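Listed below are the structures to be examined.
In what follows, chain A forms one complex with chain B and a second complex with chain C.
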Partner chain A sequence: MKATNELILAIESSCDETSVAVVRDGQTILSNIIATQINSHKRFGGVVPEVASRHHVEAILVAAQDALDEAQVTYDDLQAVAVTVGPGLVGALLIGISAAKAISFAHSLPLIPVNHMAGHIYAARLVHELTYPLMALLVSGGHTELVYLRAPGEFEIIGDTRDDAAGEAYDKIGRVLGVPYPAGKTIDAMAHEGKDTFDFPRAMLQEDNLDFSFSGLKSAFINTVHHAEQKQEALLKNDLAASFQASVIDVLVGKTIKALQQYPVKQLVVAGGVAANQGLREQLAAHLAAAGLDQVEVIFPPLRLCGDNGAMIGAAAHVALQKHEPFADLTLNADPSLSFDYAETMLS
Partner chain B sequence: MQTQTAAATIALGEVLGSQLKPGDVILLNGDLGAGKTTFTKGIAQGLGIRQPIKSPTFTLIREYQRGRYPLYHMDMYRLESGGSADLGLEEYFNGDGIVVVEWSQYIQSELPATYLTIDLKKDAQNDAFRQINFTPIGSHYEKLVQQVLAAYHHE
Partner chain C sequence: MNILAIDTSSKPLSVAITADDQILSEVTLNKGFTHSQTLMPTIDDLLKLSQLTIKDIDGFAVAKGPGSYTGLRIGVTTAKTFAWTLHKPLFALSSLEVLARNIQQRSQLIVPLMDARRNNVFAGVYQWTLTNDNHLENVVSDRHISLTRLLAEIKELNEKAVFVGEIKPFMSQIFAELGHQAEFAATTANLPAAANLGLAAIDATPIKDIYNFTPSYLRLTEAEVNWQRNHKDEGHDPYVQEV
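Then we have the complex of A and B:
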């Protein structure tokens, strides 16, 4: 196989985006078709499994053909087909997996199973050369993890949320504020118009571990709003948003700095939907400098690659291919609870 | 019954968890922030599960296989407008483990005939206090509640 012209067709359908991409050598996007379902799920305040599965079925073959057309290649030009196997919604995952199996079988292509979270980290590969060891902060609606990569494709969770994910906390307090789903972008914008006046708790920031917790913040937020309603006081929504966001970001940034002090690396990748948060981007840069960690290069994948997409799955599949990880066969199944391994220090 | 701290809520959950058997179904009701996941942490402890119990809102179902029995922790919060038919819930309800369901009102038609409902309600005055009510449906769950209350008051 020529290392200079490896083409992977990559499929992603773990949640509410149906996406198929063609990626060359794990770093050049030839196409990245994304059919979003956000508008269908908005009225539900979240992703609905049945609705998601139906959309994926409708979209996936069209997306695959569009991806090939836009990349100006055919199935014969491909070296492999890659697909997300988890974590995600089982019904949604299975549609991508079924399509990938069919393509693998029909065109005699190796089938590469990809962890969705590896995809989020390796989205960075599409814009930047990566050096190891590497640190990744993964923040999304379902995850808040610090992941240490000793070498390519070797993932180790060194910090994790004990309860809610950061993105989930945004969506839940968004509902209290009457902000439509997904709430992150709106709350980020409101926070920039308000001030941190409520002084919500910064959970676990003083503790020695690298774990996160956002459930207490959620409760404190709800209690504050609830008590104000009882007293018929009007609270400034922008200040509530700013105070909430300040707490989330303080904890994310504080723990990330602690991780970088314990595990020296040259690069930090910040990935997942919450990586799009402007407040997080600003504060992380400022605090790294203040902590004397300005030699650490921070890589935010561009916004268009922060959400779920096929190209990031292609990038991660390239790393697996380079490492000669075993291919999947046609018995491949979805793994809705798939997770990286935890570091020894977290299992005690 | 009333608990005055999160630790006490967990302790009550732990007593319940220690009495549960495969096939048991627990429905946890309460508003956002009422302590449903906190109570589930207690149930998990009672089952000898040491992993952190994380919110299942995003994935809808989280499975814990490392206790005395499997624990299936479900959160149907996102299914307010329906859509549960795709989840294969009956396999969990008829399965080998214990099922804890938050926001079960959104899957009424999928529920088994008997179960234990637990309502958690925040106190209007004190943010830490919780009113916790057990409502058993069926003789198996009536007996279970008696055992739990006896064990809890014995402690």
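Then we have the complex of A and C:
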């Protein structure tokens, strides 16, 4: 694509990261300031929405100023302001939205509303050229979805979790193992030191659909630990972690392969916080090859772009701008349960 | 000096534009819409009706709290972002003082209050300074307090007090406790008027650190209160940290 030197100021505040970025043409990051609140929320073992909203007010303008400084741009250089409108915590989303509206109004810049999940997918655009149709596996603390993109900006959910998200399951069993929040990274590391000895269930893996379920796994895990406690047996924590992770990854990988068989694509984007998981990265590549899908190019955004960040919002906003999607007006509100549309096959 | 004044601290929305000691325009909406939907369109309308643009605004004033947490954040984030992005001063006033400024009685105590649920209120005590007609003195600081305790304290002050703001649900209790020591503001005075905020701002000191300016919630979150029972809130890594 011809470089147009289109610059977007993008704001993300849907959960516990306040992030502002400047992105050129939806692919080059000029700045991507991320202020995390993790030191605050780990006090409570999870994100407390009211605390998160308060921190966003403290952090938003510092992040915005740093993003403009680092990118060395002024408002005159910008084509648009983009902001996450959902899904996420409503009070948190409203901080980014209020700031984005004020900036866009003050400088007469169009305001682009962005779906946070589109941002996660388009984080890949910042490191790789994308070809369509495209498949995305979105795994985070709030979502586990297979999304099919027929064309840029056309999202269809073809598989979804019926209960917990994968990342949520990590945090819940993390609590049982006494791993501090957020648990994903530690459990991933523990899993690499242990063996899959517990043989936890692989929910829905044999079913034809592309849906996920992790609450049965979570219950099996908790029951195993409680049962051992009652009998005063010591279980190897690393083996528990390895067994849990093996089940999660088997299901994620198995369903993704099924999706790729039903929907032929050239590329698979793995996105969201759980895309940082080393076990998932290793297993996915190995199993795709074994399933004869090695022609599918797997794109994992770099770790910094897997978590919530403004640059991914800028990348998704670029796609919306190219598609001439309508800009937001001044009444723009947060949409905490915003979702992509479900494929027709999912609605029957 | 043109000031755009914003009060989103409770259910009603009030936005005004003032020029020095003149009110140019004011809108107060009390229909229960969400502030995120109505604040910016109201600002846009008010500027257009006043034949001004946002670039004509020389300073921004905001009601900083106490009040509804989400509402406060929308007003404060909007005002501080405007001030920052347009390099203009930011002024902030207690949202209780904004209410108190609706009362013109010069000799009485003024008790602005907001409902904080479970018979608690956000309240303060104010009184006009006789020597300076734009200065409202804060006699007792804004607090989150049970209505019972507030009324006991007012009783001890033993001066006539005008109650203003979200007084409707509390009137019978106030009258039962204070009798004729208490007076009640007229209906029109019980809604926040952002023009008062704009007019007060010209005598206020601008906020020094706009970046770190946050609402005056006057209450910790429940999660923090519980945590602080067993932990010391010091010597920790920064709670918000660029990575």
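The rule we apply is simple: the second predicted complex is superposed on the first by the 345 of 348 C-alpha atoms of A that agree within 3 Å, B and C clash if a C-alpha of one lies under 4 Å from a C-alpha of the other, contacts with A are read in each partner's own complex, and residues count from 1 in each chain.
Everything that follows uses one rule, which is that a residue touches a chain if its C-beta (ideal position, glycine included) is under 8 Å from a C-beta of that chain, and two chains touch if they have at least 3 such contacts.
Just so it is clear, the structure is predicted and the values come from calculations on it, not from any experiment.
With both structures placed on the common chain, the touch criterion links A:Gly91 to chain B and to chain C.
Look at A:Val296: by the touch rule set out above, it reaches neither chain B nor chain C.
Within the superposed three-chain model, A:Ser53 lies in touch with chain B and with chain C [touch as defined at top]. Of the two partner chains, chain B is the only one that A:Ser215 touches; chain C does not reach it.
Once the two structures are superposed, chain B and chain C can be ranked by residues of chain A touched, with C on top.
Shared-chain residue A:His107: touches chain C; no touch with chain B. Once chain A of one complex is fitted onto chain A of the other, the partner contacts of A:Gln65 are limited to chain C, with no touch recorded for chain B.
By the document's definition of touching, neither partner reaches A:Ala21: not chain B, not chain C. In the superposed model, A:Ile34 lies in contact with chain C only, and not with chain B. Common to the chain B-facing and chain C-facing surfaces of chain A are residues 43-44, 48, 50-51, 53, 90-91. Within the complex formed with chain C, the residues of chain A that make contact are 18, 33-40, 43-44, 48, 50-51, 53-66, 75, 90-91, 94-95, 97-99, 101-103, 105-107, 329-334.
Interface residues of chain C facing chain A in the complex, by the touch rule stated above, are 34, 36-41, 43-44, 54, 69-70, 73-74, 76-78, 80-82, 84-86, 210-212, 214-215, 217, 221-224, 227, 231, 236-243.
On the chain B side of its complex with chain A, the touching residues are 31-33, 37-38, 52-55, 57-63, 77-88, 124, 127.
Residue ranges of chain A in contact with chain B, taken from their complex: 43-51, 53, 87-91, 141-142, 160-165, 167-168, 172, 175-176, 215, 218-219, 222-223, 230, 336-337.
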